[in-house]
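Note that the chains are named A, B and C in the order they appear, and that numbering of residues resets to 1 at the start of each chain.
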Amino acid sequence: MVHALDLLGTFAFALSGALLGVRKRMDVFGVVVLALAAGLGGGIVRDVLLGVTPPVAVAHWAYVTVAAAAGLCGFLAPAVVTRAQRQVLLADAAGLGLFAVAGAAKAHAHGAPALGATVIGTIAAVGGGVARDVLAGDSPQILHSEIYATPAALSAAIVAFGSRSPAVEIAAAVLATAIRLAAMQRGWSAPRAKPPLP
Amino acid sequence: MVHALDLLGTFAFALSGALLGVRKRMDVFGVVVLALAAGLGGGIVRDVLLGVTPPVAVAHWAYVTVAAAAGLCGFLAPAVVTRAQRQVLLADAAGLGLFAVAGAAKAHAHGAPALGATVIGTIAAVGGGVARDVLAGDSPQILHSEIYATPAALSAAIVAFGSRSPAVEIAAAVLATAIRLAAMQRGWSAPRAKPPLP
Amino acid sequence: MVHALDLLGTFAFALSGALLGVRKRMDVFGVVVLALAAGLGGGIVRDVLLGVTPPVAVAHWAYVTVAAAAGLCGFLAPAVVTRAQRQVLLADAAGLGLFAVAGAAKAHAHGAPALGATVIGTIAAVGGGVARDVLAGDSPQILHSEIYATPAALSAAIVAFGSRSPAVEIAAAVLATAIRLAAMQRGWSAPRAKPPLP
């Protein structure tokens, strides 16, 4: 069950990479590479930080296969994927909450203290998107105006500092997903910095 | 012998970093840093993913020395290196096949399954070029229009899924190099994505 | 004492990230993320290369707290921080020498040979700045015209190749800081590459 959700999150993240590659008019290999980076990047960095080598995303065939399949879907049928944009964003938000909670729980299980597990859970949730944007030559989306890393950090903190019961974990994952969806729907944004005059 | 080929590949990759630094008018330190990133990046990421720490490229003096020497060559004699562009590209293609095959074999020896070993071999072959381009502020070359990551992935897969006899490994490395050279000479390119109208 | 210096360096590096985020008009979360990357990036990469997982910067609450606090300071009072620019640059130069020396000593203690310890110490000192610039979409400052990585490499080499007595370590850290400050004050710069005509 968790495994299936994990792969769904990987697929959604990978689709976001594939669509960015299509928008940038990359060839099929570039699109698949970007899908792999977006789908697997967060989990790989999480596992490297925890000393889990080779990382699960590399060691289990399902992750690479799912992410590459998402890349091919995005390349072959960008119009279909774009029309299903709402479903993709929903899956992306679900993946965000799931990866944050699962990452924090895994970090705790590997001996990271609570604040460290929060950081690692957040990195697991947003790392793929950062890899995607840096490779595509964009400044990462999470640095600009959208509420994305914050709900992930909140859910990771709930799991890392709270009790690790399944009920708390599910509630935390749902919370991050709900905040992310509400922020998208209502256009929430955080205050911007006002740079001083030079 | 393998060691000498490994260092030749490192030198060729590092030269590509140095030449990019020269084209971007960096100072001597920037050129050397870019040469080190291009020459050592792939091997370092491969070893980190496999839990080999410190990575061989850091632990053995020869790698740093060869990559830094390539950086200085590129800085001091860019015209000579540019005139030898064909030889540099030939060495780069040889390094591509060699790093892919050696990376996949090393990953297999460290317990990665076949698909994981393919991914790690590919990362070993293209990782330095990605590090070079991201540091220089370019979107990585492998994402755009050139057949580069694919022959590396093909050769890594042959070694990872096939038998690990020396004959197979040599043939796989030569195959990647030959495809890369043919793609350059004939201007092969993969189909581009057609983004849907917004 | 060393611990306090280490946290001071982290704070200074993180402030540089926060100020870049403010200049780029990021929201409060983007500014904090950039501060975390600049403050913690070098130490995290150092520890990953040495197989120290989870990295100290993640495993100890003080590092994340100090770096996030620097991010909030930069966001809330950019004018104050900008007026204190000289103190920030002084702390940054002190962090540079300290991280280079401490990184090289830690690498040696984990079995890296001298040249490898030099590379790892240099990465520890400049890695946060590279992460900061790449995330913000800039080409890393260390690649362009400023004497920054070189004094770090020099100090790391003194510790890695010389004796690891406290006196040598302190002298090496002070040397890197002094060269960095002198280079800033006098506008020293290294020779640029002259690209050959195409």
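In this section, contacts are C-beta pairs under 8 Å (C-beta built on N, C-alpha and C of every residue); 3 or more make two chains touch, one makes a residue touch a chain.
Source: prediction; values computed, not measured.
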- Interface numbering overlap (same over half, different under half) for subunit A and subunit C: different
- What angle, rounded to the nearest 5°, describes the rotation that places the Cα atoms of subunit A on subunit B? 120
- Message: Centroid from C-alpha atoms only, then distance subunit A to subunit C, rounded to Å. What do you get?
- Response: 28
- Residues of subunit A that touch two or more other chains sit at 48, 51, 134
- Partner subunit C, residues of subunit A touching it in the complex: 48-51, 107, 110-116, 119-120, 130, 134, 138-140, 142-145, 147, 149-150, 189-196
- Item | subunit C partner contacts - residues on subunit B that touch it in the complex | 21-31, 33-34, 36, 44, 48, 51, 53-55, 58-61, 64-65, 75, 78-79, 82, 134-137
